[in-house]
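By written order: A, B, C and D. Residues from 1 in each chain.
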């Protein structure tokens, strides 16, 4: 299955991308995507746990099982206001 | 001795004046001026105690002894803001 | 400087003049003439004041609040005369590096200004005119 | 309606659009870019957002606050992109017949917006650029 992974803020700076298509095994969880990002980007080495996570524009846990077509975003510490 | 008595808001409406000169015996207290006003204006009959009092632009008590040249004002319930 | 005016209050201008580059929060409180009061319709309000004393009282309140909340910059303007529904009668601007102090100062200021500053209002509605607070002050 | 903008926020216009004739209090909170943060000089800020989600989260927060404080009318605009010192990043307008509810709503809104809305800021100062909160999030 495929999901769309969106990058914002520091994660866009680190990856140099706004959005990528990711192929995952069926039943993959949101937290696993974070771990695979950590293997790709050394700047994430010190961030063992994922930041907050959004699936389809709603906050979700690292345990959330993803489905084909989902929109996933890791939410670094927010600083609005 | 003489003092200046200022009227504001409802008291100006009742008396029809902004300011009067009042002659008082030496040693007169602010509260006594209120009682003499009550004798002049029937609309004040139901107001036995004076409202707040200001002498020379500062809050003062009904017991304050007035001096020649003082500026006295009775302060009805304030409603600023 | 005067805290009283007889014309429309320019709250944006007051905010600009109050704000410092180190401020991250700006709270503007506007007290506005509303169309009712204690169940009665209100069409307009006349504000009267003991002007020199009102200036001094507002100044004292600002000094007091600033001594409690030293990081806050404060601007206050109270309007007098005839106001209609929707007109601002008072604008209080509080700015500070962090928002908590500015909120606290804003509330302290409006609470204390309403309590002690010699300003009065006469409300006009369909049933006539009345000085607010006078009927209830009988004793 | 959108809660996000890429240009200067017109807080007077937002206040006018929020206010009802029955409102006696209008509280405008402006969050402003200040010249320092945690001891470091700040020259400018870049605000980024997950826009559709940020819109939804702000909308949810407004609904929540309105369900707690039903007398309050609420307007919120958050600015994104490059801001300089003195620019407003957020304006929150709360109006109500009596002031207590408007103050309470204003504080609830800014506290919750800062907590959960997916908006980020990168501060630029003499020492370089930094995404606020990222260094401290190591785990």
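Convention: a contact is a pair of C-beta atoms (placed from the backbone, for glycine too) under 8 Å apart; a residue touches a chain by one contact, two chains touch by 3 or more.
All figures in this text were calculated on a predicted structure; none of them were measured in a lab.
J.: Going by the stated contact rule, which chains contact chain A and chain C alike?
T.: Joint contacts, listed by label: D.
J.: From the C-alpha centre of chain A to that of chain B, how far is it in Å?
T.: Distance between chain centres, rounded to whole Å: 74 Å.
J.: Just give me the whole-number Å value for how far the CA centre of chain B lies from that of chain D.
T.: Centre-to-centre distance between chain B and chain D: 50 Å.
J.: Express in whole angstrom the distance between the two chain centres, defined as the mean CA positions of chain A and chain D.
T.: Roughly 26 Å, centre to centre.
J.: Could you list the positions in chain A whose residues touch two or more of the other chains?
T.: none
J.: Using the touch rule from the top of the page, what residues of chain C touch 2 or more other chains?
T.: 31, 110 - these are the residues of chain C that touch more than one other chain.
J.: Per the touch rule above, enumerate the chain pairs that touch, sorted by label.
T.: A-D, B-C, C-D
J.: Considering the complex alone, what residue numbers of chain C touch chain B?
T.: The contact residues of chain C facing chain B are 31, 47-50, 52-54, 56, 78, 89-90, 110, 113-122, 131-134, 136-139.
J.: How about chain C: which of its residues touch chain D in the complex?
T.: 11-12, 15, 19, 21-36, 85-86, 88, 95, 97, 99, 103, 106-107, 110
J.: Touching residues of chain A toward chain D in the complex: what are they?
T.: Going by the criterion above, the answer is residues 6, 8-10, 12-13, 46-49, 51, 54, 57-59, 73, 75-81.
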